[in-house]
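First the structure, which I've put down as structure tokens, then a few questions once you've had a look.
Naming follows writing order (A, B, C and D), and every chain is counted from residue 1.
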Amino acid sequence: MRPKVAFYWCASCGGCEEAVLDLAEGVLNLADAVDIVFWPVALDFKEKDVEEMADGEIAVSFVNGAVRSSHQLNMARLLRRKSKLVVAFGACAQMGGIPGLANLTTARDTLREVYGEADPPALEFRDNGHTLTLPKLFDSVFPLDRAIPVDYYVPGCPPSPKIVSDMFDVLLNGELPEPGAVLAPDHAMCDECPRRDSRPQELKLDRFHRVQETAIDPEKCILAQGVPCLGPATRAGCGSRCIAGNMPCSGCFGPTSRMRDYGGKALCSLASVVEGNEVAEIDRIFEGLVDPVGTFYRYSLPSSFLERKRWE
Amino acid sequence: MMSGVYGYFPGCSLKGTGVAYEESLLALFRALHLGLAELEDWNCCGATSYMSIDERDAFSLSARNLTMTQKAGHRDLIAPCSACYLALRKTQDYLDRYPKIAGGNGSLTSIRAVRVRHPLEVLYTDVGVERIRKTVARHWHGGRVACYYGCQTVRPYSEVDRDHDPVRMDELLGAAEIPTVDYSLKTKCCGGSLTGTTHDVGVRLVYILLKEAARKGAEAIVTVCPLCQYNLDAYQSEIRRSSGERLDMPVLYFTQVLGWALGAEIESLGLARAISGRKRIAQWFQPAEKEAYV
Amino acid sequence: MPEPFEPKIVAFFCNWCTYLAADLAGTSRIKYCPNAEVVRVMCSGRVDVQFVLKAFAKGADGVLIGGCHPGDCHYQEGNYKALRRYRLLRRLIRQMGIEDERLRLEWISAAEGDRVRAVINDMVETLKRLGPLQKSEEERAHLLEVA
Amino acid sequence: MSERETVRIGVYVCHCGTNIAATVDVKSLAEYAGLLPNVVLSRDYKYMCSDPGQDLIRQDIRDRQLNRIVVASCSPHLHEHTFRTALKVGGLNPFYFHMVNIREQASWVHENRAQATRKAKNLVSAAVQRVAFHQPLERGRVAIQPDVLIVGGGIAGIHAALTLANAGKHVFLVEREATIGGHMARFDKTFPTLDCAACILTPKMSAVRAHPNITLWTYSEVTKVDGYVGNYKVTVLRQPRYVDEDLCSGCLECIEACVYKQAKVPDDFNLGLSKRRPIYIPFPQAVPQVPVVDPETCIQFKSGKCKTTCIAACGDRHAINLRMEPKEERIEVGTVILATGFQTFDAHRVPYYGYGKYPNVYTALEVERLVNASGPTAGEVVLRDGRRPEAVGIVHCVGSRDENTHRWCSRVCCMYSLKLAHLIKEHTGAEIFNFYIDMRTPGKGFEEFYQKLLTERVHFIRGRVAEVTDWALDPTEEGKLVIRVEDTLAGFVRRIPVDMVVLATGLEPRTDAPEVRRLFNISCASEGFFLERHPKLAPVNTFTDGIFLAGCCQGPKDIPDTVAQAGAAAAEALALIDAGYLETEPNTAHVEEEKCCGCKTCISMCPYHAVAFVDEIHKSRVNEVLCKGCGTCVAACPSGAIRQNLFEDDEIFAEIEGVFSNA
């Protein structure tokens, strides 16, 4: 009989769900190959359907999105219990992702930002006999593996079709890789970059530009043009889609296995190739990097050493 | 700030024993078209017994004067009396090295920005030897003089001149055609307050200074400090009484001789207030006969 | 009563200047605060930004990087690399709510034993004023609670 | 960490007598260490660096199958090598070792025992965590080029050069002045034996000139140094002296022939006390015996309208070539000895002693020339006005032992002052007054010399001179220089009128010491003299392998000490050369090629061009011979593909974690 698989979506944009559909006709093969028992975004299953399954009944659960609410946490735990394998699918599940930038603030401030003067809704809401409880919003956003043990990681925002289909191949009919493995190559993406040969040997930057402020030469190394490109620090496997679109790498595929803090390492490397021996000049050059955290931790703040902004 | 207005802190001396210093200073600055605005409601500089009894009190006194300088909007504060100059400087120096003494919110530390100046150094730096040379209005027909700097304007917190071998007064007088002698005792003690406490020691120090100046062929001593001036000037008669030795050495302020050379009105130079060597002074400082001199 | 806050400093000293200066302080028996533990690297240029972040994450209240004076680097220009990384890292940790004073880069030559004392003592004083980088364990736990 | 065998760590805590034990609780430290992960054994011992201490390690390696060692003792700069050797002898790879510095950086700098011990515990736990990741490493070897560069041709450089040359090594001796000889060539006699400086120096100078193994370049300066121990590439700039050294026979007729009949130019060698011509030789015994033309003052250079009688005088030898250009020489040497010497303190900095103001105030060096038979006055000690002094005051410690100038004792001034006192008395019979703070005569025959002077009726007044002045209190002082001083033995202030004042100026680092230091990549101590690797154990070594120090560039010394040190430096160089190679530290960087993404970030990191980009494989590669092991490229590698031996990320992160284990 076909292996049962589940897809679930925590704090994320939905792009990862799209990524599965991006398999195009591949999806049909997939549908034939597996028995999808849970996929809220596409099929009408309920939480209780999962609860009713036996523990370990699901072969693989693909969970995308970060964990930032009590409900997401409960679902993650539920799926962990019911599944043999859990795959952190996409940058948010792997590192916290874009939602992870909320770790620069707190739940209270986030809600205040959203609801303004109006009070945020109460967690419990009663109406003629019925009670509706809203999930609690955590102060911090977490990568999936801070909530439950994770077997494999699939990087990307979103994961590229190639990565996804390769993933299904290994998980469904390949022999399983090392537990904890990231299902993508373990070198940086510069290696795959179509513009790699245009990077000069002795790169020295004397200013930085923001993408929207400069016309990027579509032939030349983007970093060499003074636009922060994180290709050198980012895991390969994305197929250089951003570069193809003449945009710099923003690091969604995350670190290689030899980096411990993605943003820290990326910053360390980038800061090494600027000009200037005087503080004033150096600071002037870095003015072009208006938002260091947003630049270097765009997808990985919750999985960084510091995890979140310090509590004031 | 050539033609700007300097804040002016007279201190007690320039209103008392050293009033000739104030008169000649004002006259000289007028002659050079330099503005001088006396600080309003100034108080004791703290150099007196305060400094030896409780430095903090002394600093507080100086600090008030400096604060008011800022209030008055002056960047520079001219303190002609060496003791005042030193006390104000020392206060700033201590604020630099021990910010804690500023106490409170540390707002007091801003008074370090006030530039405490001595007129000798103002003339040398802001006016300059060249301009003095050009401004000379009267030919010197007096004798050679010994430039005497005393101790406080040259060390330890001062920027007036080289601490062990000051030369600026010599250069300025030279530019004004006033011949000077090489005076080895230019920074030696004038007796200070010893003349009032251990009198005979103080007077002996005075005697040494006068004697050596005469030996070097000087016919007058020129000073930058009211206490030096007073000590050297006032005890010559006593020396004559005790040792029978007639010195009759005029002891003048550099502002008096420079003021004369640069054409300040003679009556306003306070020359009449001198005690010793009055005859010489009378000869030297006659109004220059109407010579067409530029 | 609770014992007074003793800040913890992780110090990355370069082998040729600052580490030797610390040795000199020792042979000169110069006394200074015991709050800094030194990790020796060959050159301040070896100090990876990750090291600094790790130290903060582990609970350092301050991190000190010591290198040779500009122009004096034993490896010619490693200290300039350190300086460039430091200037950008400073802005990053500021965004993360960590005060500038908690991260210091100091040039201390092999001859400046007393400067080791001055810098470390001064940093300890500053950190005592700033207080602990991480609030109580409970608070941090609450902040990073997973339900 | 591949195929990790079970880690068995041994921790050794050293008492260092009481140096550590007095402030750090070594017992509880050892106990604490014993409880740390992977630690199978921990001991404390009185002296770990002693033979028994090292044996302890060897035995435990054998008996307890230890495979990692941590020693908590002094600075690794002192004994890391000792203990690594112990591991090696014990049959363990020497780099399975980490050293914890709980002396220089704990017991000696902290007072509170509890706090010092806590810190020591953190450091030990850091080391224990770190050492678990250590890898076996092999030392590399660099061949040592046998030629030696010696910078500075004073007595230190000369002695070192001859020692090495006699041992059959080729020496390049580079001297900035037109002659070798340095300060010593200016002296008349040397203390305490009073033998004539020239008589002992000039034979050595000509030996240098004659020696087949010595290439002597005077009037030259080192301008560039590349490479590393064993293989230094050095550029020397040879200033034109306008007289060809190979063609000149040293007859000196050109000097006589100069159109200047009267010498007009102040003579530097005599410190301006005499005059020379535009073409001159510094002093009669100068080496090389070749004149120099000074373009500043030579008419031909200024106007081009000189009769150039000098060229005529040289005749068909054609040694004089006024169109001579500066020349660059490039040499390769294995080792370098710096003997760049000192300069004397500038007496103008203490105006109260009247130097430059009163003509009869001299510096000691000037007086050395006055008493010198070949000096400007042919040994006559006379004042500038030709009078013979009847009373002379010698002021000690000018620019020494003084908060306002230099705090150090210059070591030679007391003795040379005594020497000058003796010589001046001998030449003039004048009354001599020595003004000293303390009389410092430690040295063979020094104290005896002092005693001898006491019997020569030379006056000694203990007290730092306040001032030298022309201020006369009474007729006996008229026209004299008056020395005012507090006689601290008699307990009152003296005024002593003299005709001549000699300022015993101290020794200070040369003004350009900082540039020289950078050129050779060594350090200076706080007062500015070059820093030795260790004051006791490596006094002529520097922290840069293959570069040694001799003479006063390392600190004030007298001639005997200078010569001894020069010999020591030569011996250190010889030791390297004869070994033929030097073992290098293995802390170099290397690229994991399959991990390298070819981003080239590392290329611009390396000032030594040790990292190169290999286009064929589109990856970087480190040349481990060129790599000096700073690790800058490692920190810069964005994807962590470059690693550094002994400073692996794993090791450093473990160390950081370890520091917190006890906090």
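One rule holds for everything that comes next: contacts are C-beta pairs under 8 Å (C-beta built on N, C-alpha and C of every residue); 3 or more make two chains touch, one makes a residue touch a chain.
Note that the structure is a prediction, hence the values are computed from the model and not measured.
Participant: In contact with chain A and with chain C at once: which chains are those? Just list them.
Facilitator: D
Participant: Considering only C-beta pairs in contact, identify the chain pair with the most of them.
Facilitator: Result: the chain pair C-D has the most contacts.
Participant: Between chain B and chain D, tell me the centre distance in angstrom, where each centre is the average of that chain's C-alpha atoms.
Facilitator: About 50 Å, centre to centre.
Participant: As a quick test, compute the distance in whole Å between the mean CA positions of chain A and chain B.
Facilitator: 77
Participant: Distance from the CA centroid of chain C to that of chain D, rounded to the nearest Å?
Facilitator: Using C-alpha averages as centres, the distance is 32 Å.
Participant: Can you compute the centre-to-centre distance for chain A and chain D, using the mean CA position of each chain? Integer Å is fine.
Facilitator: Chain centres of chain A and chain D, defined by C-alpha means, are spaced 58 Å apart.
Participant: Among the residues of chain B, which are close enough to touch at least two other chains?
Facilitator: none
Participant: Quick one: which residues in chain C touch 2 or more of the other chains?
Facilitator: Residues 48-50, 54, 81, 85.
Participant: List, in ascending order, every residue of chain A touching at least 2 other chains.
Facilitator: Expected reply: 259-260, 265, 268, 270, 272.
Participant: Hey, which chains are touching each other here?
Facilitator: Between chains, contact exists in these pairs: A-C, A-D, B-D, C-D.
Participant: Show me the residue ranges of chain C that touch chain D in the complex, using the header's touch definition.
Facilitator: 8, 10, 16-17, 19-20, 22-23, 25-27, 29-32, 34, 37-43, 45-51, 54-55, 58-60, 71-72, 74-78, 81, 85, 109-112, 117
Participant: If you look only at chain A, which of its residues touch chain C in the complex?
Facilitator: Where chain A meets chain C, its residues are 67, 70, 73, 104, 136, 138-140, 142, 146-147, 259-261, 263-265, 267-268, 270-272, 274, 276-277, 279, 282-283, 286, 289, 291-293, 296, 304-312.
Participant: Taking the touch rule as given, give the residues of chain D at its contact with chain A in the complex, in rising order.
Facilitator: Checking each residue of chain D against chain A gives 594-601, 603-605, 613, 618, 632, 635-641, 649, 653.
Participant: State the interface residues of chain A toward chain D in the complex, per the touch definition above.
Facilitator: Of all residues in chain A, those touching chain D are 186-191, 196, 199-204, 230-233, 236, 255-256, 258-260, 265-266, 268-270, 272-273.
Participant: Can you tell me which positions in chain C touch chain A when the two form their complex?
Facilitator: 48-50, 52-54, 56-57, 70, 80-81, 83-85, 87-89, 91-92, 95-98, 133-135, 139-140, 142-147
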